[in-house]
Structure formats: structure tokens, C-alpha cells
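The next part holds the structures, each set out as C-alpha cells.
There are two complexes below, and they share subunit A, which is joined by subunit B in the first and by subunit C in the second.
Our next item is the complex of A and B:
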């Protein structure tokens, strides 16, 4: 049976990989466009974050195309997002308008929970072994998709042929989607590494290095942000981010513990995974000498909005410029362009002044 | 190499006003104009240039820069050499006139910003986000409600003896509060003084939140003319506030400085006659090439397309930049579906039916 889902960027490829292991399939979601965003804004509760509104618009467009069986992946536990676990809400939003609509939540906070979800959605005969294989495929694809997207963004800055990077990215994503075995994924990963290595490099080093933190998935939602980020990369700015699809791939407490420890001066009580990642990565970028940190989040995302002043303090203590961008339906594109351009100007000026100071010191030393 | 007597032109087109400035090689302001656009940006720029026509016609233009929210449109109209955001332009201007500045507060018609500088280098900035309550629009609304010119607000505020508290968090709520205060018999000057303080409070709580404001502090933008606002800032910050002479044209001055820094020597700015006679207009269409369905603005003059704005890829902009003749650029309603984005790159042709660009 063909199900449908929403997609942040290309993450539907991972969901499709999971379903294929179980003998199911998934139609590719359409790109979110302005019309869908408008529908989502009309449909959604005003308190839903902008990402949630976009997702609703995209789901509605697919329902209007005749799809009825919706699958969506959400995790529970520390990564739980009030906007990601919306099955009951979706039933309410769409159930009356579309006969036969059904929402199947997959994923879960534990293996047992995930198995129970799969069985309730796709039949009681699903074995533990099938569940394990399906989630292994899902996690493998999530990791590989993240690696491809992240490295291709970096390569747009490092390579002298951004068009070749674009082509590589498209072929790599297609290969990930076609692959249905773990060995196959490993081969795609190796092939991608070699192909990336063969791309011709620019002779000049990156003019700036910017690290991105926050709800990075928002980057993949409306092209407006990611397209601009890629344009910056093509102009020689190295762009880095360190976590993706966080809401889909569960982070183990062991992985989170050192990051949480790193943020202990800034985050108190029980911070969410999203807050821990953002704060820890901002600190990492500062320690590694990045020129600036870009904090992106969906308008209305409570944890990330609350994190804004925390990151300001991190940036102040670490002496690294920070730009917080809330992406949403109330934020004109012109404003986005303005802020990004001004931020790049600021970082460029700051780096140039460092160079001037260094030159003066060197000259004094020589004297 | 610039010719003798060269001048640099800066144009700042904001949401409410248009500023045009001419500067000489030493950075001295030769002439500056400040006018409301009243929604007619092109005409306002033409009128502004007319005011400095004598300079434009008698001295060689070595560079032209545009800034402000209308910078792209005006850049295409006048043939600007540099098109820059207003944060960078204001910072450049402030540092040129006051190199020791550590904080810039700028309040424009519908946006406001703060720039933090240390040792002559910008290190942080912020702009207002989704609300215009801490901007000139708030004062416009107030003046309209009180039936006076916005320029009278400052003197009125200074005449206040018993300032009243106004809810300034939102322009709409502020208006309700002002009506209430009027109906409870408060004097006009007391209401205006309270509104000035509300604007400043809002600005500092929104734009200035989390920023370390250190002196010297420059207050820029048209709103800086208002003495009531200046005094409210002094009280709120407990710091001296400097308002430079060119405070309301600093964006234009910065744009001229940025143009000078390009060091082109010869400007691409069009002759005044050409600008004057231009039938420049803009049209909007939805690009149908990929599912993004970008709303693209096309700048047209004498039946020819001279520029594009608003596409998320470079599909349209690159055509003009790469010198494609206007004949190959489709007219309105005839968007070309054949060519690829970004110079031939496939876009949205859809990996798995999905957009090509993440």
C-alpha cells in the first residue's frame, strides 16, 4: 500500500526505506510551495509553530490528490516535540474533510514502543526481527542523508564547481532512496566519499566559517532559507551544522550526557534535546574558531524561542557573533535577506580587523 | 583613479522616506535631501535627484550606492554601483563621522535596529522582528490620532509637566490607551511624552534586549529629530545620546561611502536625463519553473527588462547579469520553462518528483 507523509527536506527517503522493509511504500511528498504554506496557516491552530503549519499544508495538498493513508514518524521522550506528535490533532483537522483518512504514527521512545506501533498500524504479524531491520534501515538512511546534505553544503564552498556538487547531491540522494540493504547503504556512503574527494577544490580558503544551530530542519522546509545558505556557501563561506532530523532519530542518553555537561553553565533543570544540541554546538563552534553562529528556528517553536537569550549569553561569553533568525509566515523574505547580508558584512569586517591587528603585531615583532 | 571634483551619490529608500545625498572625495556632504515617498518610490528618487541636479550635471559621478528596503529597485533605476543593506550602510556612516562609537540606535519608519561596535568594528546587531511598535510608524499613528504633524511631537513632548503612562507594547493597544487617556482628560503634551517613553521602552525591550549598550551612543534615523524620544533614551539608558547632524540621511551617507570604498573611479550611474525620462516600472509574476512558485519582480524600462528580484535561485537575475539581450528574456506571462536554474543547473525538475533544491 502507498502511504503518504510530510517531509522536512529529503527525510521522507528514510521513512520510505523503513516502510519498504515492511512491504509497504510511500509516495514522494510534493515540495512545499506558497499555496501549501497558506493552506497550512489557514488549517493550523495559531499556536502551532511555523514548521507545523507548513507540514499541515503539505499533508492537505496530498489529501486533495486522493491519498488517504498518512504515516508520520515521531519520537517520544526527550526529543518529543509538541508539533511532531499530532496524530489526534490531524484526525481532527482532516478527518471531517476527507473520507477514509487515517493517520499512522510510527516510531517511539523504545524498541518495544516502536514494535507496538508498527503492529497496530501494519498488522500483528510483524516480528521483532522485521522491526529491527526496518529501524536499522531508517536510522542508516537518516545518517546518510544528513551526511550528504551537510557535506554537499560544505562542498559548495570548498569546490570550484558548485554545479558538480549539486549533481553529486542529487545522484547520491537517488542512490540512497534506491538502496534497500544495509550493505548497499555502506557502499553508497563509500561511493559518495570518493566522489566528493574527486571534486576539484578552490585554491582560496573559505572567506568565513559559519556554524548553524537551532531547529536546523527548518532550513529544509522552505527553499527560501536553504537556497540562501547555499548561495552563501557558493560565495566561499563555509557552512556547518551538526545535527539533523533530530526529531526522527532518537539520541541516546549516553550521547547526550557529555553535551549536557558542556552546557551546564547555561542550561538548567531538564533541558530538551533540542536545547542541549543547540547550546553545545554553539560552544563548539566558538571553541573551534568559527566566525559566527547562525541560530535558526521556526516561528512559534517554544524551546528554540526560549533558547534565544541563552545563546546570546553563550555568544557574549565566547565572543562570537550570533544571529537569531526566526523563520515564519510573519517574516518577510526581504528581512531575511537583509539580516543575512548584514551578518556576513559584520563577520567580514570583524575578520578583516583581526587580520589588521595581527599584521600590526607582526610588524612590531619584526621591528 | 577618480577625476577631479568627483562626487559620490548615496540613496536610501526606506518604507516611509527617501534620502539622496552627494558627497565629495574628502567625505564631506555637499547636499542632502529627505522626503516622504508617499508610496511613490520612483518619483521620490527622481525628485531627490532633481534637487541635486546642479551637482550631478556639473561634476563627474565616481560612484553611486543604494540602501534601504527599496535599494534593489532604486539600484536598477539609477544604475547603482553598490547595493547594500541599511545596517552596513549606517554602521559605515557612523564610524566615518564618529570612529569611537560603541552603540548605534537607529529608528526608521517601519524598522529599527541596534548595532554594537567595539574598537571600531561591528560585533553584534539586531532588528525589530514582527512588530513596528518601536518604530516611526508608532509616532505617525500617534500624530494622526492627535491631529498634528509628526514633526511637532518632539516639542510637544518637551512641554509636558505630568507625563502619563502609555501601553506601548503594540501600536494598536497604544492607540486604545491614547484614546482612553484623551477621554479621561489628559493633556496632549502629557500623552505625547508618555508615548515617546513607551516607544523607547519597547525599542529597548525588543531590539535592544540582551545587548550591552555602552557610550558613545549615536541615535540615528528620522525619529532622532524628535526631542522627546532623545530625552526618553537619555532617561532610560542613563547615558548621553549623540544625534549627528546627518542623523536622518546617515543611510544614504553610508551608501555613498560604500560606493567610494569600491574605488571604481567611473560610475555606472545613469545620467540624470536618462533617469528623469525613464518610464521605469516593476511587474510581478510567479515563476512556473519549479514548485517553489517564486514571486519574481521584473524591472522594465522602455519595453525592455533591465532586472529581476525575488527568485530563490539565480535563474532570473543571472540572465540580466550575464548580459542576455532583453529579446531572450520572456515578457510578462511568458515565463520560459526550458532553461535551468542558476545557469543551467536543474532545479526542481524533481529528484523523485521532489524539488531539486533542499
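Our next item is the complex of A and C:
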């Protein structure tokens, strides 16, 4: 049976991989556009975060195309935010307009929870072994998708042929989607590494290095907001981010402990993983000498809104420029471009003045 | 500390957690020995201080909360109490993120010297702070477990008495739902209870009818949204209740998520009042008057219809 879901960037490919192991399939979600965002804004309560509105708009567009069986990947627990157990409420939002609409949560806070969800959605015949294989495929694909996206963004800055990078990314994504075995995924990964290595490099180093932190939902929205931000890479700016669904899914208290420790001066007990990532990564970028930090989050995102004053404090203490981009209903591409351009200008000037000061000091030292 | 000759003065913001836990923290701290100084009731000045400090998009109550801390910071209190609400005992419902981050927000904004802040991590359950929560508060004040044990509050059964009293009231009864710190803070809700009284109505809140802070079984993620939803459903099912006012703070994610669901499923007249920093008393009064008029007319036509039948 063909299900549908929201895109989460390219992560729907991993959801599709999971479903295919279970004999199900998933239609590819349409790219998010302005009309879809408008649909989401009209469907949602004004206080829902902008990411949530984009998701609702994309779901509505797919319902209008005749799809009815929705699946969504969500864990339960403090990380889950609003998408946890919202089936009843999604059905309330869409059920009146679309006969036969149903929403099924896949995923769970534990293996037992995930198995129970798969069985309730796809029948009691799902065995533990099937569940294990399905989630192994999901995690394998999420990992590889993250790697491809991250490396290709870096290569757009480092390579002298950005068009070749784009072509490589498209082929790599297609291969990940087609592959249905773990060995196959390993082969795609090896092929990608070799192909990436063969791409010609620019002779000049990156003009700037910018670290990105923020809400994982908006960071994974690749069709409009992040597409524009990542285009900075084509101007020779090295873009780095260290968060994403891959890391949210893989976070354990042990893995988070060192990052949490790093944030001790800024975050009190029990912060959510998203908050730890944003704060710790901003500190890392500052320590590693990045030129600036971009904080990207959806208007109405509760964890990231609460974190904004904390990041402002981090940036002040560390002396690193910070631009907070709150993406909301009135998001306009021109406005985003203008703010990014101004930020890049500021960072470029800051770097140039640092170089001038260094030159003067060196000259004085030599004299 | 508890037996010190001059007890230390602990400032407690009269906002969010104070109302949420029904003042339990202030009473408990007082029983331990320190002198409790509550910030004044929310007023224009307090709110303006918070608003100046907090980023625009955080919800309305957070701005008020920060204003309360700023007001306390200007007094001679030794410490200011900003507990960190971490998790629910059940592990099935959760506090919203800004409420869990109050201490971080206050610290990052440098509302007062960080050394004056007391920020113990506390857990809660359906009835409020857990025993562990009180232990954490007490230990932060340097009290021994024995002293804490003596100061623990006794359970109360006042809620049902209020419900029984209102059932015999001849006036139209308006149910009020929303987060406790909106329902209980007159400045935040535009003196709703007083205005209803002036218009000849009685009011009944979720807390009055004994709805726990975090009722189970709604499937909702956020505990106070579950409180709002269950209170709404219960009041909707009570014959004595004529209509319901839903207090929704600007940019409150959890209650925003259920606002549409409530509007679709509540059968009694429902007025959703979005509370924000731009609210005008005149506009608020007009909406409440219109709602009460509607309730009166609905009741009158129901009486007329029933009279016609009998």
C-alpha cells in the first residue's frame, strides 16, 4: 500500500526504506512551495510553529492529490515536541474534509514501543526480526542522507565545479532510495566517498566559515529556507551544522553527557536534546574560530525561542557574531537574502579588520 | 539555616509556577523558616519590565514572569527563587519548553546577579510538586530532610466544596479554562472573574472542580494542555454550566494546538480570549458582555421553549 508523509528534507527516503522492508511503500512528497505554506497557515492555529504549518500544508497538498494513509515518524518523550501522539488531532484537522484520512505513528521511544506501533498499523504478523530490519534500514539511510547532504554542502564551497556537486548529490540520493540492503547502503557510501574525492577543488580557501545551529525541523526544510542559506556555500563560504534528525534519533544520555557538560554555564538541568545541540554547537563553533553563527528556527518553536536569549549570551561571552533568523508566516525570500547578505558583509569586514590589525602588529614587531 | 536568628529573605515571583502549584512553594518555604517575599501582583509596570527584556516571540506569561523577577531583584531579598520544572512523575506528559527554561532565560538576560538565584530542579505530578520536588526545594535552602518532612503540605479537599456551592447558584455559571497562571492572575486575564461577577455571573474553573494539573488519558504531550482539555470537557458536561471562556496566552504552543479541537468539540457556547500585551480593557469588556448576552438569550430561549412544551 502507498502511504504518504511530510518530507523532512530528504529524510522521507529513509521512511520509505523502512516501509519497503515491511512490504509497504511511500509516495514522494511534493517540494514545499509558497502555495503549500499558505495552505498550512490557513489550516493551522496561528500559534503552531512555522515548521508545523509547512508540514500541514504539505500534508494537505498530498490529501488533495488523493492520498489518504499518512505515516509519521515520531518518538515519544521529552524530545518529541508536538508531533507526539497527534494522530487524533490530525484526524480532527483533516478528517472532515477528506474521507478516509488516517494518521499512523511509526517509531517509538523503545524497541517495544516501535514494534507495537508497527503491528497496530500494519498487522500483528510483523515479527521482531522485521521490526529490527526495518529500523536498521531507516537508521542506515538517515545516516547516509545526513552524510551526503553535509558533504555536498561543504563541496559546493570547496569544489571548483558546483554543478558537478549537485549532479553527484542527485545521483547519490537516487541510489540511497533504490538500495534495499545494508550491504547495498555500504556500497553506496563507498562509491559516494570516492566520487566526492575526485571532484576538482578550488585553489582559494573558504572566504568565511559559518556554523549553523537551530531547530532540526526547519534545518531539514531543504526546499526554500535552507536551500537559500546553503547557497552561501557557492559564494565560497564554508557552511557547517552538526545537528539534524540523525543525531536526534541517535542521542543517548551517554552521548549527550559531554555536550551537556559543555553547556553547564548556560543550561540548567534536563535540557532537551535540541537545546543541548544548539548551545553546545554554538560554543564549539566559537572555540574553533568560526567567523559567525547562524541560529535558524521556526517562529513559534518553543525550545528554540526559549533558547534564543541563551545563545545571545553565548555569543556575547564568546565574542562571535550571531544572527538569529526566525522563520515565520511572513517569511519572504528577499528579506532572508538581505539579512544573510548583511551578515556576510559584517563577517567579511570583521575578518578583514582582524587581518589589518594582525599586519600592523607584525610590521611593528619586525620594526 | 532554618534556626538562624535573622531568617533569610526569599523572593518568589508571583507568576507562573506560583499559581500553577497553588502557592505551595511559598507556604512550604515559609514553614522551613525563611521570610518569603512575594513579588507584587502583576501590574502594568511589572509587565513592561519583562517585555523590555524578553524577546518578542516568547509567550505572554514568560514576559510577565521575567518582570516579576526584575521587580524582586530591586528589593532587599537575599535570594530569588526560580525553580526548574523538569519532568512529570508519569513520564507520559511534559511541561512546555519555556516553562522548563525559566532559570536559563532569567540568567541569560542578567535580570539579576546569578548568585542570587536559587534554581533547584523539581519534578511534579497530577497534584503539583512531588515529595522529591519539595525535597529539592528544601535542600536548596539548606534544610535537613527531617525539617523538610515536617514542612511538607497536607493534602487538601477544598475543590469539591466549591463545585457543590456553585451547583446551587441561580446565576448563569461561566466555566473558565486555561493555564492556572492565566486563570488565577487578574491582571493577565483582564479581571475576568470580577467582570463576570459585575455582569451577574458566577464562575467555575478547572481547579475548582478538582481537575488535576496533569490529567492522564488525553494522549496529549503537554501537561497543561491536557489540564485545559479535560477541564473543558468536564465543564461542558456539567448541566449547571452555561458557557465556557477559554483563556489562551499569545503564542502558547500547547494550548494553541488544542484550540481548534476545543472549538469543534465543546457543545456549550465557547469564547476564546487570546491574552496578549496589546489587550485593551474596553475591547475585553465588550467581548465578555457580548458573550454573557448570548448566554442570557440562549438560556431565555431554552426556558421559553421548555415552557412551551410543558
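In this text, the second predicted complex is superposed on the first by the 351 of 367 C-alpha atoms of A that agree within 3 Å, B and C clash if a C-alpha of one lies under 4 Å from a C-alpha of the other, contacts with A are read in each partner's own complex, and residues count from 1 in each chain.
Keep this in mind: a contact is a pair of C-beta atoms (placed from the backbone, for glycine too) under 8 Å apart; a residue touches a chain by one contact, two chains touch by 3 or more.
None of these values were measured; they are calculated from a predicted model.
Asks: Where does A:31 make contact in the superposed view: on subunit B (first), on subunit C (second), on both, or on neither?
Replies: In the superposed model, A:31 contacts subunit B only, not subunit C.
Asks: By the touch definition at the top of the document, which applies to A:300: first (subunit B), second (subunit C), both, or neither?
Replies: In the superposition, A:300 touches subunit C alone.
Asks: Check whether A:266 is in contact with subunit B, with subunit C, with both or with neither, and answer first, second, both or neither.
Replies: second
Asks: Quick check on the superposed pair: does A:170 touch subunit B, subunit C, both, or neither? Answer first, second, both or neither.
Replies: In the superposed model, A:170 contacts subunit B only, not subunit C.
Asks: Should A:350 be classified as contacting the first partner (subunit B), the second (subunit C), both, or neither?
Replies: first
Asks: Between subunit B (first) and subunit C (second), which, if any, makes contact with A:326: first, second, both or neither?
Replies: both
Asks: Once chain A of both complexes is superposed, is A:254 in touch with subunit B (first), subunit C (second), both, or neither?
Replies: Neither partner.
Asks: Check whether A:310 is in contact with subunit B, with subunit C, with both or with neither, and answer first, second, both or neither.
Replies: second
Asks: In the overlaid three-chain picture, which partner chain does A:335 touch, first (subunit B) or second (subunit C), both, or neither?
Replies: first
Asks: Using the touch criterion from the header, give the chain among subunit B and subunit C with more contacted residues in subunit A.
Replies: B
Asks: So which positions on subunit A get touched by both subunit B and subunit C?
Replies: 299, 309, 312-313, 326
Asks: Which of the residues in subunit A end up touching subunit C in this complex?
Replies: Those residues of subunit A that touch subunit C are 45-49, 77-78, 80-82, 84-86, 88-89, 92-93, 266-272, 275, 299-300, 302-303, 305-310, 312-313, 326.
Asks: For the complex, which residues does subunit B have touching subunit A?
Replies: Those residues of subunit B that touch subunit A are 69, 84-88, 119-125, 127, 129-130, 209-210, 212, 290-293, 295, 310, 312-314, 342-346, 348, 350-358.
Asks: Please name which positions on subunit A make contact with subunit B in the complex.
Replies: 7, 9-10, 12-13, 28-31, 33-35, 149, 163, 166, 170, 173-174, 177, 219-220, 223-224, 226-228, 230-231, 299, 309, 312-313, 315-316, 321-322, 326, 330-331, 333-335, 337-339, 341-343, 345-346, 349-350, 353
Asks: Show which residues of subunit C lie in contact with subunit A when the two form their complex.
Replies: So the residues of subunit C in touch with subunit A come to 54-55, 57-58, 62, 84, 86-87, 91, 94, 96-98, 100-101, 103-105, 107-110, 119, 121, 219-222, 248, 250-261, 264.
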